[in-house]
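In what comes next, chain A is part of two complexes: it sits with chain B in the first one and with chain C in the second one.
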Partner chain A sequence: MKHATLGEWVLYGAVCAYLLALYALPSDVWLGFTINALIVTVLSIAWNITGGYGGQMSFGHAALFGTGAFVTAILQVRLGVNPWLAAPLAIAAAALVAGVIGALSFRYGLKGSYFALVTLAFAEVLRILASSFSITGGGQGILVPYKAGVENLQFASRVSTYTLALALVALGMLVTAWMQRSRFGAYLIAIRENEEAAKALGIDTFRTKVLAMVLSGAIAGTAGVAYLQTFLFVDSQIAYGASMSVEALLGPMIGGSGTLWGPLVGTLALHLLGESAKELVSGAPGLNLVLYGVVLLVILRYLPDGLVGLARRVRLPRRAPAASMKEAR
Partner chain B sequence: MLRVANVTKRFGGLVAVNDASLTLEQGRIVALIGPNGAGKTTLFAMIGGFLTPDAGSITFEGQEIAGLPPHAICRLGLTRTFQIVQPFAGLTVLENIAVGAHLHHRSRADALERARLVAEQVGMGRMLDQSAQSLTVAGRKRLELARALATEAKLLLLDEVMAGLIPSEIVEIVATIRQIRDSGVTILLIEHVMQAVMSLSEEAYVLNQGKMIAHGTPKQLVADPTVIEAYLGHGAAERLKGGAHA
Partner chain C sequence: MSALILPAMLGGLTTGAIYALVALGLTLIYGVLHIINFAHGSLLMLALYGVYFLHVWLGFDPYLAIPIIAPLFFVLGYALQRGVIAPFSGGKEQNVLLVTLALSIVFDNLALYFWTSNTRTVAVSYAYTMVEVGPAFIPLPKVIAFFAAMLCAAILWLVINRTRIGKAIRAVAIEKRGAQLVGIEVEQTYAVCFGIGTACVAVAACLLIPTFYVTPQVGYAFVLVAFTTVVLGGMGSFAGALVSGLLLGVIEALCGLFLGETLGQIGIFVAFILILLFRPAGLFGQRTA
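Let's look at the complex of A and B:
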């Protein structure tokens, strides 16, 4: 592991300071905003494992997120299962769906844009199925009755929900950090960098990619469960819609894909940007999306390795000032 | 140690490798030579599991390996390098080598430790933190070698590790390859640099248009009329002989 640079310390410090400041000055608006961003961050962390570390760019992580949300909703509402039991089952279901999608795609050697299209197709199929059957509430979705209490995995206070979301993000980042230091992670990165060379060095690339999908599915499913427990509602559009798949990949892309902090930094930045754009041009509906899009394009064009990559290049001018100028280019 | 028996590979109407056989004994450095397009790399790809032969058998230490996937073959102790170098471009030299070392070392620390040793062995000890894409051609070729070596292979297939190197770099890598052999690794190499083939290998096989046309010591082979004709065209051996008399 390389040592963190000054820029990284500042960036991560600022993120942590913001997240902790919400405990000191709890505002319902900011808490609500951040809870939403943190749940999307969990989904981004899931995407980052396959897309960022493994180089398998999924465009259909909604399939996994939605499965987590729907399975836990169905188990609770239709079968009366306790949320604490429904959650692990939903996470397992999402991991299973991820494993099946991965096994089918990788079995036939799909990569790059083909893999992206197939994952998008899986998510769309699930969306249409979910909107057609009554078990998923059809076009109306599923509303989970509000029964606040720890035993129901629902919290009356926003601070508690916030703590749960924050804990899930921390857990996701711990899993990522573990992966980075493990053989599994080294193999996954090797596959991203060069799959043929990885095979020649004894890596079972199919198995590694499917395992990455399963892990990613479990985390995305966790995000789905957290979403449901927070908003107590899910329908086919929220769960399996393309916008969720886009959210999953935008965070890591903006933050820095294949980095530990990328999903969190990127998702927070994106949500802040989206909100500010709304505030700035509140008079003209739609204009906020234009502004949002322009800023996104600028970031993608000039920061190919994301905000974390930018922060990495900012370091103390130690010995040679000329070198640091080159670095900060 | 390795026995390739009557192996054939067709790509549509083209017979890339036609009924080729070779035997490799443990502890040797054996060269596989032949003109461009002879099928050398195809034969390597079949031995390494990247292609499945249409006919014939390949056994490694008595076990049939034809048709096994590359990672399974690598686990048995047979690793190949690529003619067109395939570095993990975004990773450092050390991280590249560690990927190979992970085959027998689960923990990251052990793999990195092993990678450092291998880097020393191939003379890359001072480049550990360089990114693979910043390496020169010679550096990348060395990295291919180091990664393969880190898998603790018993048999290394080296596909043109000297192509594109300047003479002084060739001298260095020849010494490195000899050291690797002395440490107990058997080596089969494809090479066009005849100087290296002559000085390194104890025996060589010649492949031409998919067929194994000769086998012997390098000295025997350069005097063999069939080999000369394979490289220089029909009648070349005669003309050379005639030229010598005139």
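Let's look at the complex of A and C:
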């Protein structure tokens, strides 16, 4: 592992300081905003595994997020299953959906924009199905009754919900860090860099990619469960709509795809940007998103490696050439 | 029930003609630049507003607006590729996708800011003039759009296969570096190609608006169907886009008839997934890497 540069220390330090400061100064507005951003971060972490490390750009991660949210909602509301049991089942369901999408797409050799389109199509099929059948609430969606209590996986206090979201992000990052160091992660990165070469080296590329999808699906499903338990509502548009798929990939792309901190940094930055744009031009519907889009364009133009890539370039001035040789290794 | 099938199919064909029209420009861009242009739907939306305002302010008939809107959108497309998409993406495929996505966010919300989310329609006297086609009655504008789609596909085919710039576009699409080596200006050709694709979507807007409406979000509904059409037809194939657009219109109509209105579009996406899995080169495309 390369050592973190000064810029990285500052960036990650600032993110952690912000996240911890919310415990010292709990404000309902900021907690609510950050909880939302953290749940999206979990989804971004899921996307980052396949899209960032594996180089398989999915445009349909909503299919996995939505399955997590819907399965846990259906189990709780329609079948009366306890949320603690429903959650793992929903996560397994999302992993299964991811495995099926991955196995089908990779079996037939889809990559690049074709993979992006097929994942988008799977999410659309699920969205139309969810909006047409009564088990998913059709056009109305599913409302989970509010019964605060640890046994119902619902928390009355925002700080508790926040802690849960924070813990899920930390868990997701731990999984990512483990993956980075593991053989599986090395295989995955090799596939991203050059799939033919990876195959020639004897890597089972199909198996690796499908496994990455399953892992990604489980994490995305967790995000879906967390979303449902926090907002107690889901409908076909929230769960499977394209905006969720876009959110999943924007965070890592802006933060730095294929990096450990990219999803968290990027998602927080984008949500802060979106919120400040809303404040800046309040009363003018649409203008905030125009600003958002423009800043997005500027980031793409000037920060091709994302915010983490920018931070990596900020380092202390080197003293001796020998030291820099060591650092470069 | 069987008495309903034929009218449903005819109605589907006219819807499909619109899908084909929107997809024609996209297949050119996708086939040559190999990029997923998510701004395509937003450009359609802008063109729809263009036709709308030409009609409301200056009394232009939507069809007579074509010679004004199409060149205007050629310039817009050219400028977008030259000034935004190429320099902002740095040539990376995944970044192009994000740049066009960001562009569509900007366009959709500019429209929302300036023109609000109100649904607007153009009232033309012939909108409800019905034409009897076999067992069905079809509004005249849809019949016009149907034949216009074929005409557009034919014109595009001629431009690409029978003109000098068309030859350059084909060369760049097949072998970018080779084209560069023989002296074709690749960036210029890309921009012309994007311009032509954008002009196509403007023509589609003129043909669409007599029987449709415009809101800032209207483009999104078309983007996915347009991509389906492009992939099904084989990217870069105009005849393919035409046939698959019509086919998808019929599939949607039949699914709507048998499975219920809300499930109509599911047929399109299921067809899309199957095509991607089993024949990613499309019905008319040549198999590439």
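Some observations on this one:
In this section, the second predicted complex is superposed on the first by the 319 of 329 C-alpha atoms of A that agree within 3 Å, B and C clash if a C-alpha of one lies under 4 Å from a C-alpha of the other, contacts with A are read in each partner's own complex, and residues count from 1 in each chain.
Basically, a contact is a pair of C-beta atoms (placed from the backbone, for glycine too) under 8 Å apart; a residue touches a chain by one contact, two chains touch by 3 or more.
What you are looking at is a predicted structure, and each value in this text was computed from that prediction instead of being measured.
Of the two partner chains placed by superposition, only chain C is touched by A:110; chain B is not.
Looking at the superposition, the partner that touches the larger set of chain A residues, chain B or chain C, turns out to be C. By the document's definition of touching, neither partner reaches A:279: not chain B, not chain C.
Looking at the shared chain after the overlay, A:129 reaches chain C, while chain B stays out of its contact range. Once the two complexes are overlaid on chain A, none of the chain A residues touched by chain B in the first is touched by chain C in the second.
Per the touch definition, chain A reaches chain C in the complex via residues 57, 104-105, 107-110, 112-114, 116-118, 120-122, 124-125, 128-129, 131-132, 242, 246, 250, 253, 284-290, 292-294, 296-297, 300-301, 304. Every residue of chain A that touches chain B in the complex is listed here, in rising order: 181-183, 186-187, 189-190, 193-194, 196-205.
Within the complex formed with chain A, the chain B residues making contact are 48, 50, 69-72, 74-75, 79-82, 86-91, 95, 98-100, 102-103, 105-108, 111, 147-148, 150-151. Note for the complex: chain C touches chain A at residues 34-36, 84, 87-90, 92-95, 97-99, 101-103, 105-106, 108-113, 116-117, 216, 220, 224, 227-228, 231, 260, 262-263, 265-266, 269-270, 272-273, 276-278, 280.
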